[in-house]
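Some notes on the structure that comes next.
Letters are used for the chains, namely A, B, C, D and E, taken in the order the chains are written, and counting of residues starts over at 1 for each.
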Amino acid sequence: MTSPSLLAATANVLRRDLTVAWRRSADVLTPLVFFAIVTSLFPLGVGPEPSLLRTLAPGVLWVAALLSVMLALNRMFANDYADGTLELLALSPHPLSLLVLSKVAAHWVLTGLPLVLISPLLAVQLNLPSEAMGALLLSLLLGTPVLSLIGAVGAALTLGLRGGGVLVSLLVLPLYTPVLIFGAGSVAQAAAGAEIEAYISLLAAFLALTLTFAPWAAAAALRVSLD
Amino acid sequence: MTSPSLLAATANVLRRDLTVAWRRSADVLTPLVFFAIVTSLFPLGVGPEPSLLRTLAPGVLWVAALLSVMLALNRMFANDYADGTLELLALSPHPLSLLVLSKVAAHWVLTGLPLVLISPLLAVQLNLPSEAMGALLLSLLLGTPVLSLIGAVGAALTLGLRGGGVLVSLLVLPLYTPVLIFGAGSVAQAAAGAEIEAYISLLAAFLALTLTFAPWAAAAALRVSLD
Amino acid sequence: MLEVVNLACVRGDRPLFSDLSFALKPGELLHVVGANGTGKTTLLRTLCGLTRQAAGEIRWRGAETRALGDEFRNELAYVGHLNGIQGELTPAENLRAAAGLAGAADPERIDAALETVRLSPYRGFPAKILSQGQKRRLALARLVLLRKPLWILDEPFSALDVASVTLMTQALTGHLADGGMVVLTSHQDFEVEIKNVTYVRLDA
Amino acid sequence: MLEVVNLACVRGDRPLFSDLSFALKPGELLHVVGANGTGKTTLLRTLCGLTRQAAGEIRWRGAETRALGDEFRNELAYVGHLNGIQGELTPAENLRAAAGLAGAADPERIDAALETVRLSPYRGFPAKILSQGQKRRLALARLVLLRKPLWILDEPFSALDVASVTLMTQALTGHLADGGMVVLTSHQDFEVEIKNVTYVRLDA
Amino acid sequence: MVEIYILIGMHKYASPKTFYPLAGTLIPWLAGATVLLLALGLYLGLFVAPPDYQQGETVRIMFIHVPAAWMSMFVYAVMAAAGAAALVWNVKLMETLASACAPIGASFTLLALITGSLWGKPMWGAWWVWDARLTSELILFFLYIGVMALRASIDDPRRAARAAAILALVGVVNIPVIHFSVEWWNTLHQPASVGRMGKPTIHLSILMPLLTMAVAFTFYFLTAALLRMRNEILEREKHTSWVQELVESRR
């Protein structure tokens, strides 16, 4: 296979996933609204004191982002698995890992990116100081793709299993913790007026690492799930 | 139809759901582990100060319980819908709302109840004062069935829709907030040494209310989804 | 007695059929024929009450089926495109659950029903490992087990091997001889040893 | 040239078949027959490389298919029990996605393929509204569109109405006449106007 | 007997075919009334009403905020009632009414939220606080979004309408919560001052523009709802003979 045709195939997968999601506009909006709802749940649970909320804000925003991405994970492969499209993908004459990468890209564009864009609004609701806004945006921008990439492996592994929704969270959450710690950490640091370079470069390293290995692992997991 | 046979049918549904879950032991464990993981994520997100954690504990525990129950919602009907068992249920000569009620009961036994039982352990981790332990148990015991009941309506409405997993959260979370506010509120009150009777009786009222209306609404929603 | 009067069905905004009328008496088989997408599945689901008709009436022993509700469903067995099988349960457990739901639990007959569809060797396995055709046979075993007077079957022969098709037509013949009623669709040919086969043809 | 040498498959701990050998030359059709649950689907999925065999080799033009990888998959079109259709996309978009994946995008032919399986009237609808048989036809349209030399088909005629079965057998005949190869299973009878039909029988 | 005649008469207008032209003649009148009332209300509110001795000019936000907040709840009630009617009596027109309500109600809710937080910044020193009324209004917004998202996810319009109606009915519990929240919890937000029977606590120069704006918003709601209903009727009935005749006659 020549590489132009590989490019066409990956572009094709990306376009198809985006079209499908676009047809159901609910698909684009729901992770966003979920993010908004979860960040709003916390003040309800812990009480409305503004100073308390301010200390919580970085953690709450990051945990909510993490949960929204995670909840949307089962959309990545589950429908394709149920209707047999995944078999077509696996039988395509292109490296499955690259096709997976375009599916992950579609997933991020549909969940991670909107979260990043809306996060400042919710940060205001939680009284996050405006100095920390840049750190919030940057850390989410680097961190959410990592969440999608790791999530792809979990979603591929749990494909076709009953109760997959909960199982995938279970597999994926432990791997999400470093991202959470450094992501929320960077925002908290920025809110306290400290340097965040170290945090950000760590997040960038995570991204590079998962970008290299996750598509490959997810592809292998998909082959196992189809067997 | 005589009522003994109705009893047999509902018992049958309950037993079947429990057996199926039992076969996949992962189904029983995952909401529990998810609960544990989410409560552990918070200290990671907001930092480890014990006094801060103590004020957060009621809210975090309740939010985590709510999310665990919610994540497990799609198990309530989705598999039955995909394999056609739900059609059998709808065509059974018994009131669908009662069959739904037994499915909800099975769901609660598999998710809510284990959460209640494990919550004291996690509460200790979060430094919740021991005076509040009783309130935590009682509020969860009354509140989690409400979550399952409301959730049943959401799950039934979103059946067979793409991205149902996220959509159900969107529909259900706003309705969960009162339970969260009063559930977490009662624990916080108890931790502060105050009376919690009002909170608990409100939770009990929610339970009575949803027990009356939710199975009926969920049954109507199922019929719509099957149409 | 199943009577259909001036039935009309619409999916989305596309009218599928209208003014459809027929009646089915005990011992009769009604074969709904028509090309793909003419609305056979929709008709069968409407007869069961799973889908709402746009107009017209469906009567069972003289009364509207929607008004009868549970009373009608108690006399009905439906096997659709989906098999209604729980993959985690064994074949026997699946049948037991179906029997319990139908309000006609008679546990001794379950083994016999499994024997009839030749699934006894799979007694100990979860149903999800069954092959396409074996799953279909398990779904059809419900008919044998539950003994409802009205059978509504959507492509009952799909995925069945030749021996199983024969077996199924025997079951149909027996049911009709006992005064049962059958509504089915099938693109495959089959033979029942009985004269009372009527056809309803749906056109695009 | 597809060659299978001493193939053995095991599901769970149940051996399905072993020491299966056959060869398929251009212009030949191989019909895998056997009762339900004898392992036909398993065999086809193993041939594609979706499932792993327990023993034996599968060779394509002399080389092991697993070693060939993408090169083998590039010459293969598979239609399984599942249709591989995205309900949200229109029939044409589904075909375009399939063509893109197969690395053989030729957009002009998509309309022709839809016409062949008589789905042109549904051009503007999402595929999920299609009936069982219409979905199957859409899946089969991929074969016409992609023009791969090796077709592997699991029950291609299931859910098809009589006209569509004829259409499909014509497609098979044409493909064989062009030097294509076909492996299929079907419980339904069908006729291809070609002599080179060989049978592989799987037994329980 | 009289009731039966009324019901039969109503039933006639409940058919989309008769409703469509009726709505067509009503819309211009309703739209005109909306514009006039809005102009009057804004004039009274911006130029006639005195500035507040405490809040100064910011008090004028009230003339948008309060009617919008009222409408957000009222429209939800209408939507739920129409949904119930559609479920119970299977009336198509009620399905279209319910579906027309959701986006309008959501916009009123958003307006109440935005004007509220604009007002909150000078009054309470924060854009947002987690007070009971604000929270329950936010929940109302999410409920509207939920109803719309659910409807958008289902293709068959009748199924979508029934599903949305069930959800809307379940969400009705939130309406009394919003209204009574200020009495049940002691919060920052203003308690009810207009609704109390007998003792109006507001001066007439404030009450007048407030009520005018409320009526104007109601007329706006009616206009927008009828417009949306007409669109949806055309879309849903496009295969019927009367719509095709209508299209022919317009050619």
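As a working rule, a residue touches a chain if its C-beta (ideal position, glycine included) is under 8 Å from a C-beta of that chain, and two chains touch if they have at least 3 such contacts.
What you are looking at is a predicted structure, and each value in this text was computed from that prediction instead of being measured.
Asker: Counting one step for each move to a touching chain, how far apart are chain C and chain E?
Answerer: Step count on the best path from chain C to chain E: 1.
Asker: Looking at where chain A touches chain B, is over half of the residue numbers used by both copies, so same, or under half, so different?
Answerer: Same-residue interface.
Asker: Greatest Cα-centroid separation from chain D: which chain?
Answerer: E
Asker: Based on CA centres, what chain would you say lies at the far end from chain A?
Answerer: C
Asker: Just the number, please: Cα centre separation of chain A and chain B in whole Å.
Answerer: Centre-to-centre distance between chain A and chain B: 25 Å.
Asker: Please tell me the distance, in whole Å, between the geometric centres of chain B and chain D computed from their C-alpha atoms.
Answerer: 45
Asker: Can you give the whole-Å distance between the Cα centres of chain B and chain C?
Answerer: Going by mean C-alpha positions, chain B sits 36 Å from chain C.
Asker: Could you tell me which residues belong to chain C and also touch two or more other chains?
Answerer: Residues 11-12, 52, 81, 87-88 of chain C each touch two or more of the other chains.
Asker: For chain B, jot down the residues that touch at least 2 other chains.
Answerer: 20, 24, 79, 82, 161-163, 167, 170, 173-174, 177, 227
Asker: Where in chain E do residues touch two or more other chains at once?
Answerer: In chain E, the residues touching two or more other chains are 135, 142, 145, 149-150, 153, 155-156.
Asker: Residue numbers of chain B touching chain C in their complex, please.
Answerer: Against chain C, chain B makes touches at 1, 5-6, 8-9, 11-13, 16, 19-20, 23-24, 79-80, 82-85, 87-95, 99, 226-227.
Asker: Using the touch definition from the top, list the residues of chain B that touch chain A in their complex.
Answerer: For chain B paired with chain A, touching residues are 20-21, 24, 26-27, 30-31, 33-34, 37-38, 41-42, 44-47, 52, 55-56, 58-60, 62-63, 66-67, 71-72, 74-75, 79, 82, 161-163, 165-167, 169-170, 173-174, 177, 180-181, 184, 188.
Asker: Help me check something: in the complex, which residues belonging to chain C touch chain B?
Answerer: By the definition above, chain C touches chain B via 48-52, 70-71, 73-74, 76, 78, 80-89, 93, 96-98, 100-103, 105, 126.
Asker: Which of the residues in chain E end up touching chain A in this complex?
Answerer: Contact set of chain E toward chain A: 126-131, 135, 138, 142, 145, 149-150, 152-153.
Asker: Provide the residue numbers of chain C that touch chain E in the complex, in ascending order.
Answerer: Touch list, chain C to chain E: 11-15, 52.
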